[in-house]
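Note that chain A is present in both complexes that follow, paired respectively with chain B and with chain C.
Here is the complex of A and B:
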């Protein structure tokens, strides 16, 4: 039997990691990313949408933001303040930002580390989306979870079977984060 | 067997049996190899990682490691090689890619290399179709070298912005994309004024990831808006509601263009420039040439973007230029002849493979041997289509150094009974087999003549020479009753 194939497989990931390192060192246009993010910030400040806000972190790095969503009325999250973090890649907006819930949240499409399952933050990301449209999508996700692909299966089940119990879980998990 | 020397062989089934003196080891290896096999790809990273270099660890990957490998596996993307947009290169490279593939594809790509001698390869990163059309658009503009036309295009591209507004995009969003397109148009304008020699500046611009992405996004959002504003034209071709189609197939970065998207891109963005867009489909359908399809209502002309479509991928093609014929000179008379049965019956040709070592001998054979001019019925009466030239392709490729073996195409040997159907033109014998075969005039076989091979120039001005049908300048002489000549 010939194992040469297995040997190539064995070495492949290492070579690939090296490639990845190489590509991350490619020419990136930070100026364009900065320009775009500044325009978004301006837009958010001039015409704020109700229930959402976002601002770059205090460290002067425009590539990481903190955002808040107010839980929409008539949902289990009504009145709750939810904090999120945005990390923008060097080729934003041609790759999606990494968005995490910082506030502990009980939701079918969010896991216990705050990671979010939302198609527009992954393969359906488009360069016309921005911070504001992502926050609005997340806000509507709070009231309309996608129970077909849950990250938190128990939450998905409860959402369908027992809304009162679901809300108890939401409130039990929620903790207001202090401003840092 | 030492556990401190982990190599792949330890996991091979043969090794297990050779070294099963230690039952614990054997069990451990059997376990690890069966455990590994279904996820070999994602887990193979383990062996290159120092932590896991001791193979004893293989059985008990910690949850953290498992998670890390799962993450590696999830984010795995095949590394696509090459630039986003390549420089212009010979289409022979495409033909060589297919030389060992299905004979249909080999025949078609060989014919393609004649009709479209140059190509430009797009990186297969999901944007290739969008990038090919966008690059083709800018390059065509540059090729025309008409600054007025570029000014018109700058105005037109800006006016298309109303489409974006009508579908509710805010200018803060689309501004950077429109700017990227405008900047390239301005660069083309400047390049023409500065008398730039070639389009290398454009290739460079398209290989800058960020501006390349911005232009493609501009074309995407224009297409998306165009579809939304013309639902009646597109909805019936879509498998889903129109808005959902746009947000899942057109807008997302790196979503490949499909037929509807391509048509909409051409209708909405390219059509107004007056450029034609032609697609040549390379597939295994019947025929000897790729299937051309015109996607624009603009007729093919000098200002036509030509794309090669292979399932899932688009590249740009450049046809033979009329003004400057880049194709190697070949004797077209040879290509015109497709029926040798006449020669078999009247001349009793023989086969002499040693003579075939002389590269260009075949080209002039029917006439060079002093064959009578009269039997022309075998020649196709229609002017040869430029696509039907694959045999010559084989001929001059054979004289190229380092050429990959030409795919063996089934050939009916000439020794078959003369009444049998003549071999079709594509059935040139394979050079990789026992050498080419040809029927030669018996005179050639005579010793005194074999040293001085007949190299008669073809009767270029003969009325029987149909080669001039290939000439775009050709006009048949019309006899006029008043013409006194």
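Here is the complex of A and C:
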């Protein structure tokens, strides 16, 4: 991976630079984004991590993907299949992708429309992250929610107080998207 | 206002006002008219310049009328005149005898027919006097009347007959018609010529005769419409022109050449044949077409000229006939060129000179002779002006050259295929193309179409296409040294060659071929050995010629030709190799293929690799050292390993490892893995003895070369096998896996060893198809025999013929394939087939390997995007997989079906594939 060499501290100025370039050289930007995403896809395909998977949508421009996380064992989400959508900005990887849960999920850090509160998708984003690292983070978030900044306060409360009730809520809310 | 009316009309009107309208005979004698005519330009001049023109014209007319009036005025004279006229009419009138009579006598000299028609008897004294009087008084009226009478008579008597005749078919029809018409003409004119004209002064006589002639020709032309005549005339002309121009002999020649080659050359002084002409000395050439015409030619010429003068006489000549003649001659030129030069491609070409000579001496001669007869102006015959100017001849010559060029263009593809035997044709073509860009465009356009039709299609093998391409490069270099034409022609070929998968392979194997065999005609099969020869030949002068486009010291620089394409770049020389190598955008493809082929050749056991080294050195000159570095290393590996092999061997001997009985010698080639192409191979376990040898060898090697490790590639290499069986022996080079298999059959017991393929597969860790292939190989060598399917036994004792027959007859232990396996030839074929199957299997395994990557994509796709139809999967793979998706829909369908049966996929509603969790 080309970008793994990059210094994290440089990310902010470069992002600005990219923003500046954005107006003038949109085409080259899109090209480099496509190239980067293609490389990420190839890496995902060649060395798949268990429980996570992602693939571009059929629209052909590679800027929107669908990802799948299988709920980790020994969590309330065990065996559940959760779908997410990835929207990559034109200056990716200098800006984070927009990630949403498509499958309805009951989780302290996810609200009812699927928005996720995860620091690396916001201010902690860096160009060294990629689809697979985001998915792995999300996978671990399922087992260890960050209850300090909940989006779903009820869920945060339940997580701490009643795991069984929490799991019931999780299962009640969950629907497999394949059945659409 | 009179000035706006034609003078003639004005004069008539004035005449009419002076004499009674009925008295047509009051016309002035012709001499007066002529006088009048001579004055006419004068009069008109006055009219145009003088404002009082009306008056002037009037005065002219008046004077004319008085002249006319003075010649005959009194009525008694008019009576005499009428009587004389009556007598003359009686004398001149033609009996209505009909056309049949004419037709019957058409081939006679005419005296008989004239007698029949009563045209020869001299006039009686009275009539003679009347005629004489009439001639003196007013010949004009008499001739006018006779002209009308001719018309009338012709229409009544001959017209229907003629039109009936012209409808019939058959050769020489027009000749018959012309003969008849000539007779008719004589019938009409004989008495006039014999008895009337002598009475008039000569200058006038010509005019009157012409008048009658005109009357006759008009009625002939009226009766025989030109539409009917022209095809007949064209046929007649063609018939004779073919002989006169020598085209028929050319056709004959080629026939005769084909029929008899016994060398009994006809002694022929006169010939228009290009082949004969070429063989003559230059001095003789100039005379060849001028002197000593054939009897046939002379006859045909006489015949034609006679016929044409007849034609002209009866009024069917003139403009129309000239047009027909021009058409015929046009066709003739094309015919001659085709007949004379098609397929005559020897170099140096003298075809243009020959053609020019032919045009001047034969073609133009005929044209001059014919045009002298059928001229448009009847009076022009005497003028003596040349109908054919030298400019015309020059034009014909250019036309001929252009036609020759056209012929060559149409032959160009065959010319190129025949290269270099067809050098002459290209020289001709160069003459044609050198002066006009239109011709150049024509050449390229036509040839491109030809190429598309005849070469650039799936039926032509790549070797053929390359061969032709090489010929094209050479031929077009002669044709157009600038290379613009080649540039235009080569584009489609190059584009097409780039699309062919095996182009690189053919080129590289051609380069690596042995140039010594290049000249053998048998070697035209599947390698371009020519390339190897070319490589050694060309590189010397291509190096000298290495001038760049911007060489400021080049005093001979000329701009690119006008018809060059915008991105045209002049190629330095006729460098075939360069053209072929530059087919590909990067040298990498080429070098890679070079590596693969080189690897195959280097691994073979051979005494030396001089050939490869030479080729590599030559290629290095072209590509530079860095591009061929890998190949360089490969060659060095081979040289090094030979040295190393020797040292290791010495070490082994020194360190006391003696050669053990039953174990062979081991030679190794040490390849630097990084620089060699990937080998597709099937791994297997070699016999323990060999492994021991390998280990010892490796130990020695590692002592010599620190920090380097040997990895054995067992599937590559050769083994010299010696087998001793009960009553026969075997010694040959075989592949390692074949040797391994036969080694497994070695046993100390007296019983012949028997093994099955599954046993062997376990023992040798080899794939069954490969084992089967090896076994069948040994069966073909009569070492093994297949007792049952997939069970082989050593054939210790060769069966005698009888036994073999018995075995075939009995067929007890075998099914069909087994008994066939006794037949060594079949077994060899079977072994090859099995080997091919094994190779295919390993190739399939490689393909599977590739497919596995795609499988990951498919899993990812189906996991995230839900169930998908096959088409959608293919589409997505094409987008998502870097480098594209190389399999067809069908292949993918098969693969997915395999996955379905393995339970990894399922097919849900509508044929969509769904992943099974």
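The rule is simple: the second predicted complex is superposed on the first by the 150 of 180 C-alpha atoms of A that agree within 3 Å, B and C clash if a C-alpha of one lies under 4 Å from a C-alpha of the other, contacts with A are read in each partner's own complex, and residues count from 1 in each chain.
Simple rule for what comes next: contacts are C-beta pairs under 8 Å (C-beta built on N, C-alpha and C of every residue); 3 or more make two chains touch, one makes a residue touch a chain.
Not measured: the values here are computed from a predicted model.
**Student:** For A:32, decide between first (touching chain B), second (touching chain C), both and neither.
**Tutor:** A:32 sits against chain B, while chain C stays out of touch.
**Student:** Applying the document's definition of touch, where does A:123 land relative to chain B and chain C: first, second, both, or neither?
**Tutor:** Only chain B; A:123 stays clear of chain C.
**Student:** When the two structures are overlaid on chain A, which partner does A:42 contact: first (chain B), second (chain C), both, or neither?
**Tutor:** Both chain B and chain C are touched by A:42.
**Student:** Contact-wise, after the overlay, does A:94 reach chain B, chain C, both or neither (first, second, both, neither)?
**Tutor:** A:94 sits against chain B, while chain C stays out of touch.
**Student:** Looking only at chain A, is it chain B or chain C that touches more of its residues?
**Tutor:** On the superposition, B touches more of the residues of chain A.
**Student:** Intersection of chain A residues contacting chain B with those contacting chain C?
**Tutor:** Looking at chain A, the two contact sets intersect at 42.
**Student:** Going by the contact rule at the top, pick out the chain A residues touching chain C in the complex.
**Tutor:** Chain A residues touching chain C: 38, 41-42, 44-46, 48, 53-58, 60, 62, 65-68, 81, 83, 177-178.
**Student:** Tell me, which parts of chain A touch chain B in their complex?
**Tutor:** Spelled out, the residues of chain A in touch with chain B are 1, 3, 6-7, 9-14, 16, 19, 26-29, 32, 35-36, 39-40, 42-43, 91, 93-95, 123-128, 130.
**Student:** Tell me, which parts of chain C touch chain A in their complex?
**Tutor:** Of all residues in chain C, those touching chain A are 853, 856-857, 859-861, 863-867, 872, 875-876, 879-880, 882, 917.
**Student:** Of all residues in chain B, which touch chain A in the complex?
**Tutor:** 8-9, 11-14, 40-41, 44-45, 47-48, 72, 76, 79, 169-170, 172-177, 208-211, 213-214, 217, 220-221, 247-248, 251-253
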